[in-house]
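Structure in structure tokens, see below.
Naming follows writing order (A, B, C and D), and every chain is counted from residue 1.
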Amino acid sequence: MKTIPSLPKPFKGIVPPMITPLLDDDTLDVEGLERLINHIIDGGVHGLFILGTTGESTSLSYKIRHELVERTCEIVDGRVPVLVGITDTAATESLRLANTAAEAGAAAVVAAPPYYFSLGQPELIEYYEYLVERLPLPLFLYNMPSHTKIVIEPDTVKTLSKHEKIVGLKDSSANNAYFNKVLYKMKDRSDFSLFVGPEEIMAETVLLGAHGGVNGGANMFPELYVKLYEAAENGHVETVKALHDQVLEISTRLYALGKFGSSYLKGIKCALSVLGICSDYMASPLHHFRKEEREKIAENLEDIKVKIQELGLKAQD
Amino acid sequence: MKTIPSLPKPFKGIVPPMITPLLDDDTLDVEGLERLINHIIDGGVHGLFILGTTGESTSLSYKIRHELVERTCEIVDGRVPVLVGITDTAATESLRLANTAAEAGAAAVVAAPPYYFSLGQPELIEYYEYLVERLPLPLFLYNMPSHTKIVIEPDTVKTLSKHEKIVGLKDSSANNAYFNKVLYKMKDRSDFSLFVGPEEIMAETVLLGAHGGVNGGANMFPELYVKLYEAAENGHVETVKALHDQVLEISTRLYALGKFGSSYLKGIKCALSVLGICSDYMASPLHHFRKEEREKIAENLEDIKVKIQELGLKAQD
Amino acid sequence: MKTIPSLPKPFKGIVPPMITPLLDDDTLDVEGLERLINHIIDGGVHGLFILGTTGESTSLSYKIRHELVERTCEIVDGRVPVLVGITDTAATESLRLANTAAEAGAAAVVAAPPYYFSLGQPELIEYYEYLVERLPLPLFLYNMPSHTKIVIEPDTVKTLSKHEKIVGLKDSSANNAYFNKVLYKMKDRSDFSLFVGPEEIMAETVLLGAHGGVNGGANMFPELYVKLYEAAENGHVETVKALHDQVLEISTRLYALGKFGSSYLKGIKCALSVLGICSDYMASPLHHFRKEEREKIAENLEDIKVKIQELGLKAQD
Amino acid sequence: MKTIPSLPKPFKGIVPPMITPLLDDDTLDVEGLERLINHIIDGGVHGLFILGTTGESTSLSYKIRHELVERTCEIVDGRVPVLVGITDTAATESLRLANTAAEAGAAAVVAAPPYYFSLGQPELIEYYEYLVERLPLPLFLYNMPSHTKIVIEPDTVKTLSKHEKIVGLKDSSANNAYFNKVLYKMKDRSDFSLFVGPEEIMAETVLLGAHGGVNGGANMFPELYVKLYEAAENGHVETVKALHDQVLEISTRLYALGKFGSSYLKGIKCALSVLGICSDYMASPLHHFRKEEREKIAENLEDIKVKIQELGLKAQD
């Protein structure tokens, strides 16, 4: 068993939500996975989050989910802490995956609320307490109302934070009034990590005290997000503005193509394929971009790479 | 391998969405399961639907889901067709369960839309086509917008009904304007089954041409729902009114306790436990009723049993 | 002052939600209004409902709303009871309109919940009590969650029904499980009127005890809806099926054109214009159908008129 | 006619959304209004916004709305630009109010989308174009999806910004990913004002380029919001953090009491009454806080006033 990096308190920085490279619905792109992990870690990130929404976790078979945990931990080999998404409608499956994560050497798990039956806040608290009593690893809460249809209310975060094993929150609501209320309520808990998901809001939240970002764009350009995080943490407003602007260009030009939802996810996978890093296959029910969108992504990517290099940062050739 | 009852076209009648008797989060109540199945079939039902919303399917481990399919088919032993819910966010897991269902002798499978990523209607059509090409059994569509956050639009039903393997729709929206539009669009397809979920609306939909009900109350009082279905199918309006009134009393007095959602599901499981049929354990994230609600359920159940017997129907003692 | 028809208890039958004929955003089509009212009343309807959702009430200036109340009552001249929608975000404006209605000789008013601030059920009860204490006319509750974003819960209806001045409910949710629960809870109150809005569900609700329909299609073909209502009230299932089928054809072929919401409303106004009854101008923010949709409506309308005549009913030439 | 302050381009700073002081549902608290306006202007704000959501505009009779516009402009007397909310479901009423605003000397109007019928984005564009062609004053768009149930999409803002008379956007979504996308798309339009509503997010948006805040708390403590705005505009991160923390304390302790929605609005009105500035009467359907909540507000207000004075700012005695 590998040496597991123990998680600092609070855990801070850029923790990319890794996409899952696939060859088909039930086969990992193992070579792509290795290239992708190395690419991300070379960008200086502070951790790696697998099996989140960006990782298409809910679309993957359990065989693939367990295999991905094992292979990722092996490839990462202790270079950065690995966080494993265990979000599920069935607590038994969450726990089974958490055990695989612990055995493989992951540092923590991440769980959004169950997303089929709708729960009241007291039921949500009971749910997390049920998990925590049985988990072999520390837990990050994951607020994701657009997909789970329930908000982990600020007072619920406060209540749950009293459990020693609950060590942080990843908020993907994009609602900064919500996030700032949580930040304010938790200001006496400097050990509790508060991350945001959407990269479009990472800079400003870190400027005001958040601990980091779980930003999809860091699959493609990890260094950009790391530098932006560092500038924000140090209060360098002018640098923040320049790098934040670059993040918004990525968001505007790579995540907004196509007609339906998930254009963000399709855009990242497509870009990684254009960059030669891994396959862009997506598990059912989603589908990768076809020719027209791919050509647009490729074209936009060229501009973005130039600008990223002009900022003095690495961009995959 | 058992003889599999071939599904009539259209398939018609009362097909109870069976609750899943559990001893704990990962153990079936096997004795309760056998009592429950026999109790339901003795009521004269036309089929049995397992692993639906009422069956808590999304809360169960896959081990339990597969085991339940096998044990149910074995206990039913060809007395009625068994329909198996394969609703999942991961198509690979839906297909794995469908294969178990086919091997165990189930007659058909039932799938609601994936419920994590939100899809457009064209993506939903692609999803069902992906499934259908790989399924070993006929498929019923399952419209369940309160839980999946997407409607299978009437035109989508029409489009999908052209696939030979798609044989019907179970609609649990409770939106009868929706249901009647589907019924109208499909009126030239007398082989395509249209069922509704909520028992509060079964009578009227069958009166106007629907093929049956997938009604939770039939776990407790199967004969009531069968007789109501028959009266409606035969246009006996006065009988319909009397029996429909009884169904509404069940709905009002057994499904509306407690503070949060799922009071319907908690009410049925609690009542079955009070009736001595099976355990009322519920898988996380839901919880069975505690003492106060259980006493209220028991009290209401006494009244309901008396009234059901006054209607000349069987009620469990 | 005219003789005001006193409202029977319960008030029953077909009460068309009249569209508002307009020449432009701030001018009534007065001649069209007279033709439309006479056309509807000649169809044998039991009342007339103005300033509902179908009447575009929220899009009209208050000048027009008050003028419409006065002119309508004058034209109707006691032939049928007139119900006036007073739904508003500002209770003061609801009351002002109710006073105009009382002076003009209307029989009752109709109010959906306020639709800007979201209220809890206790606040909703307080709101209706505030209104009722100040109203000069009986009040119908109006459940319209798709537009107001709040449900008048069955228990709230029960609570409010204790006020002598609250005499009924119009439910436009299309959720028949909801409606049947209300019907069951109110079954000891034979004086309290329960109407449904969507014409696609009117037949089945009347078969099971509802008191009538507030159906938009009755602007065009009032006799069809009256005959369907009578057949349903008398339990003539075969007649119900035939006429209900015709209603569904109207819904399918006239209300589903165009790309956005309100295709129902646009379809009715367009059809009335094609029939030569009144102008199809719609108040901002909605817009009437342009040439392409109008031609389709005209074409479908021809088929529908033939079928309605084959049913032995009048259809405008 | 007064001299109307012409609106700078871009208009910037703190523009409090003024509450509407009322004595009862149809009577302004005229003395309170004068005290409140003077109190706010003395805090150094850059403008005054009346008849927004915080101003309970949709709950007020039109008589009151027009009277408030006239009295406010008179009292303000050119000291700061007055912006008038004209949000309505009926465009004719919006225009009537806009004319009153122009005559009274207001500087601009503000309109959220109509909030009864749901519109597609092209219909929304048509709606705003209809308004703009008829408006006597510049227009700010107002994104308020929690109340209007429609988002003004970033591309819609971009399209509408081409009309000379549309001069800015107030975004109250609290969704900073949305806001940052708009900010990015509009970065070549330095004359177009981008404001946010929720005070919990004002600091960070101004740090990254927004033009100001329309923050309710500035009814009570205008100077705090002005100083926070100035610190953010100048990139003084440490000052921002300290003042932002104070804003969050106000939000946490004054806006989160009571059981239902609108606790924010009830909290501000109650606090202003405790501070002796104006009446806390709320127009139906909302209600002011009763004794228990008022005592809690008064207690929390004492702490807050001390802290605000410790920050070197004025707090009403």
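In the analysis below, contacts are C-beta pairs under 8 Å (C-beta built on N, C-alpha and C of every residue); 3 or more make two chains touch, one makes a residue touch a chain.
Heads up on the chains, UniProt names are A, B, C, D = Dihydrodipicolinate synthase family protein.
Since we're looking at a predicted model, the values are computed, not measured.
Least step count on the touch graph, chain B to chain C: 1. By the document's definition of touch, chain A and chain D have no common neighbour. Centroid distances from chain D, each centroid being the mean of CA atoms, peak for B.
We define each chain's centre as the mean of its Cα atoms; on that basis chain A and chain B are separated by 37 Å. Look at where the CA atoms of chain B average out and do the same for chain D: the two points lie 50 Å apart. Shared contact sites, meaning residues of chain A that touch two or more other chains, are absent.
Across the interface of their complex, chain B is touched by residues 25-26, 53, 58-62, 64, 89-93, 96, 113-120, 122-124, 126-127, 130, 147, 149, 259-262, 283-287 of chain A. Within the complex formed with chain D, the chain A residues making contact are 174-178, 180-181, 183-185, 187, 198, 200-201, 203-205, 207-209, 235, 237-238, 240-241, 244-245, 248-249, 251-252.
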